[in-house]
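For reference, chains read A, B, C, D, E and F in written order, and residue numbers begin at 1 within each chain.
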Amino acid sequence: MRPSKRAADELRAVTLERGVSKHAEGSCLVKFGDTHVLCTASLEERVPPWLRGQNRGWVTAEYGMLPRATGDRMRREASAGKQSGRTQEIQRLIGRSLRAVVDLQALGEAQISIDCDVIQADGGTRTAAITGAWVALRDCVEWMKARDMVKGTVLKDHIAAISCGIYEGTPVLDLDYAEDSTAETDANFVMTGSGGIVEIQGTAEGAPFSEDEFGQLLGLAKTGIGRLVDLQKMAIL
Amino acid sequence: MRPSKRAADELRAVTLERGVSKHAEGSCLVKFGDTHVLCTASLEERVPPWLRGQNRGWVTAEYGMLPRATGDRMRREASAGKQSGRTQEIQRLIGRSLRAVVDLQALGEAQISIDCDVIQADGGTRTAAITGAWVALRDCVEWMKARDMVKGTVLKDHIAAISCGIYEGTPVLDLDYAEDSTAETDANFVMTGSGGIVEIQGTAEGAPFSEDEFGQLLGLAKTGIGRLVDLQKMAIL
Amino acid sequence: MRPSKRAADELRAVTLERGVSKHAEGSCLVKFGDTHVLCTASLEERVPPWLRGQNRGWVTAEYGMLPRATGDRMRREASAGKQSGRTQEIQRLIGRSLRAVVDLQALGEAQISIDCDVIQADGGTRTAAITGAWVALRDCVEWMKARDMVKGTVLKDHIAAISCGIYEGTPVLDLDYAEDSTAETDANFVMTGSGGIVEIQGTAEGAPFSEDEFGQLLGLAKTGIGRLVDLQKMAIL
Amino acid sequence: MRPSKRAADELRAVTLERGVSKHAEGSCLVKFGDTHVLCTASLEERVPPWLRGQNRGWVTAEYGMLPRATGDRMRREASAGKQSGRTQEIQRLIGRSLRAVVDLQALGEAQISIDCDVIQADGGTRTAAITGAWVALRDCVEWMKARDMVKGTVLKDHIAAISCGIYEGTPVLDLDYAEDSTAETDANFVMTGSGGIVEIQGTAEGAPFSEDEFGQLLGLAKTGIGRLVDLQKMAIL
Amino acid sequence: MRPSKRAADELRAVTLERGVSKHAEGSCLVKFGDTHVLCTASLEERVPPWLRGQNRGWVTAEYGMLPRATGDRMRREASAGKQSGRTQEIQRLIGRSLRAVVDLQALGEAQISIDCDVIQADGGTRTAAITGAWVALRDCVEWMKARDMVKGTVLKDHIAAISCGIYEGTPVLDLDYAEDSTAETDANFVMTGSGGIVEIQGTAEGAPFSEDEFGQLLGLAKTGIGRLVDLQKMAIL
Amino acid sequence: MRPSKRAADELRAVTLERGVSKHAEGSCLVKFGDTHVLCTASLEERVPPWLRGQNRGWVTAEYGMLPRATGDRMRREASAGKQSGRTQEIQRLIGRSLRAVVDLQALGEAQISIDCDVIQADGGTRTAAITGAWVALRDCVEWMKARDMVKGTVLKDHIAAISCGIYEGTPVLDLDYAEDSTAETDANFVMTGSGGIVEIQGTAEGAPFSEDEFGQLLGLAKTGIGRLVDLQKMAIL
């Protein structure tokens, strides 16, 4: 029995609220249960130095947590003077995941910066961030289309992410913090709307896991991501 | 005529929403029109090193803006590796203002850390932050009282803040961004519920201002802060 | 009775010594009693990036304290790797105050950098710094005039600053350290030669203060700044 | 045909040279072809603050590259003043991987710090580092055993790592730089001597990959890691 | 002919003014011509962690330059966020030089921190700093003696420093900036009152120098340091 | 008797192994006994900003130690976030020493960056680094010559370095760690192949030293550097 009483293959309540920022070209407040992440997409006219003059664009991401998003207050990274290794790992993952479904040529010489800020955390912040960031990114691209700033298909597919893990011996979908902190194995999956795998990160927290167990996690992930993509589709109707 | 059509002595729509954080001992989402600040109060068992063993507590504050809280995306301070001078100035102001109404002896050897994170900015973020932080702080103190962690009156009074300025020659209350960016003079006032002045910061942006003009701003501020304190009282009913 | 035996409206002995730096285009060693600040004005050919090509200049300021300027040695900021919030707050104030009396158009595309380094501290370092910095700035502008580098009036007025506070219940002018560390209220005023107010910063250190008390501090400040401006005039004869 | 003429399931020439450091308690120079990593294991008496008094030990890892380990000289991280996100990601992976086979209780209150410094890079530095670090760690544990500093089995199993990828449409084992820089998919696998999976990191560099392709990569990895574990066994004979 | 018209073995006008700081236990404003360095000695009750409990003291030094001490304004190190390599090299030299004449056992468990801040620079700042720092250090030790905080002889000898160089083919004493910037060879010597050598740093700026040339520089240094020690003796009469 | 049984004027076993880096334009692994330093020379097309457009080149150096190059593990400088004063001092010395024998005009608008990384330390790392760096630099220049990238003589002479010291009262050559840590006096000498002195750094670790003692150290250094230059000549045959 999961602490949340959910079935093994049951997502938390997921909502994707668009247009939550007055200023950003695209924005989405994504909730996976008590995990709340504000995602904004900002269009910037200039690309990184190493891309200049190549007529291609770039999508990058930054990730942060408010200090009291968590059960115990964490030190503010701006005050500590640097981003933790965990933060950097997550923001690199978000950026890579989004770029996997963007045609950077079609974007033209522009950069879209995605900011994912965790307002409240209860496990799975990176997967919620990727799922919500896609919606913000999509609305930013639509904003550009409406102004004839891009032509052709910039966004090639959906992208969404979910965590799975082995909790008390059972493979389960979408770990919350209570499960995540005791799970034997924790894996994050990023997949496209058409089912292609973009990123897999699996870690044995306790004992190593077997190929078979991993297969079950992957199976759960496919189910969960399918539902998340459906939710994205409904959100942008 | 103000860009927002408000009367000279009219506040923006102000809301104070309590209990917005699952984890924090006290929290408040404060909105001054389109300026939205999430304030959390975190109880920490340990006090700063210079206070240890003195049987007194401390209240401190940190301030941050999400990168796209503003019209143009600003660089994330955690990524830049340091907090700007403006950020430090504001968080020092918030901490000083709150401490003015706290009996640190009554708090005992504990620290309350206030985090004010600007989700969306439209002028007046520091005054909204102080006004909302008081509510979060109050709920944190109530949380402690309910657990018999403090005795006596920790919170001696209300504290709230408002900006005033001279906009196109007229003294006006509660500047929004459109006014703030062109005002000739900009002043922030922090006052207690009983009308005592805790902090005054007045700056001539263009021409110097006169004692008389300053008096008019102070008059507006008293009116505005009176209303904010009323709203705080209603919020904690 | 003040620790220094001064009358309530009496400044400390103030001296403004010009030309103390062999290299700087303008310089002034300002003393407010035992508070000694070396101010230099350095002409730099280039303006900040955001001002380029606009045919306007800039005046900026930096502030520092020698580690043993104070009663206890403080950590050297260069060694600590960053400037404190207090340092940044003060140097932003100095820069804003000076720019209030400079015609940046008349200055042309050039930057004047003011360095205010506290050699010895006994309270009121920021007000001494502003008062002395004006003299250094003025001599730098004269240096430019002598070389036909500017035309018209770059420096529109005098600027000077003083602190006032309520010490043992009495409003007094120009707090020294003994008073500053126990004053109930501390306010800094920056005004022009013609009496315009450029900056007001009032802080209740203990109990909040009333509008009436604040009025008395402002009255003292006007008197004190009037005298400081007279001393500036004599210094540049 | 692979640039190196290797068969699809062929490792580069792998060597594990022990005892290469005069000072370290354990050390290993590992070569995967032209990728050379010096791994040292340093015994330190003290554990991180959060572990004190728990009678458990810790294994941590740091990773670095000499500036000219690569084709173009990279900026020295010590000079840049921080470790890149990539560096932090890799050193966290190395630490996690090693801890998966260490009984931290059996280690007692001691920390073993693993340093993996890339002397020369040609792809696969993180997998070489993990494979060599196990040897250095093992020799450090033997050093402790010889001095009766631990009892029981500290090291529960072998751990080794390999990369696989899809190069020009074909799944291949142990990517070198020429392959890595053009591979469509890149995955790193960390497994124990008994075949348990400890870490999987798969990334689509170009098009997303399918479950079937991923299965083929995992199959290759099992083969490769089996051979690496054999080489570790021979090295410590 | 030297730019300053001095004879080859002639020092600049040297003055050592004691007691220039209201707060420091010892202080000296040293001038070597237009090079002015303010040296303070601060007694601190605590020693560095690695010395605790050994009943020995420590003497350390920090060095800084005011931004406009030089012909062109230099970036403030506190603002740049770090001390330059040159600054660190100099402050390490000052600390080593002073420790060479201090009996750290006799000092007891205390630290004296020397701050050498260059108010104005015209070459030879490090040699002036060492020469003046000795006077500040001596007065700090006297301050301690007057309070029975040390017993026995803490300060074993004088220490002073001078630069020599080969300027237009001629060995000369005490280089000023005009000479220093064009000298072929530049050497700094630190010696005790009894003529022992504590530190030699010789650098060929252009062509390498010969043993014979170096001997001539050493001869000049001995003469110059003898005179500086005489001046120290007169200063402390 | 020296701990190593060497004669007073005997070098440790010195080897200079060229071509140890697959990527660098020049490289040398230098060993002075158990002190091993990997030196690489990297050709970079761009010169520092202050040299641009002057048709001259630059040679610069960076120095680092692997964390466990020493008896006790030292903190990784990249992780600490800055290079120590000692590191900066050494890398500045290496750069200066090499530039003393390079015709920067002949090099043209290019920069050669020398990296000296200490793989294992047993005293004398800076002298080994300079001696080995010359070989790496020479091979880089030859690489450029082979591609007609320079004309004329870029490298004017050999450069090598050695330490000498007074160990238990006797002047000895090439201190290893056991001697270095207890020597009364420690001096580093950098000389050219033709016997010119480029750099002398002598420090009294305990008692000051005399002119006569210094002369003996210089004599030993000349002998030692002569042999090192012979070894360089043999290495490049």
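Note that a residue touches a chain if its C-beta (ideal position, glycine included) is under 8 Å from a C-beta of that chain, and two chains touch if they have at least 3 such contacts.
Quick caveat: nothing in here was measured; it's all calculated off a predicted structure.
Following the contact convention of this document, F is the list of chains adjacent to both chain D and chain E. Path length between chain B and chain E in the chain contact graph, taken as the least number of steps between touching chains: 2.
Chain geometry summary: the mean Cα position of chain A and that of chain D are 28 Å apart.
Chain A and chain E have Cα centroids lying 59 Å from one another.
The residues of chain E that reach two or more other chains are 81-82, listed in rising order.
Here the chains link up into one ring; start at chain A, go to chain B, and the full order comes out as A, B, C, E, F, D. On the side of chain E, the complex with chain F involves touching residues 82, 85-86, 88-89, 91-92, 96, 100, 187, 191-192, 194-204, 207-211, 214, 218.
Interface residues of chain F, counted against chain D in their complex, comprise 21-24, 27, 34, 38, 40, 42, 44, 62, 64, 66-71, 73, 76-83, 87, 113, 115, 117, 119-120, 122.
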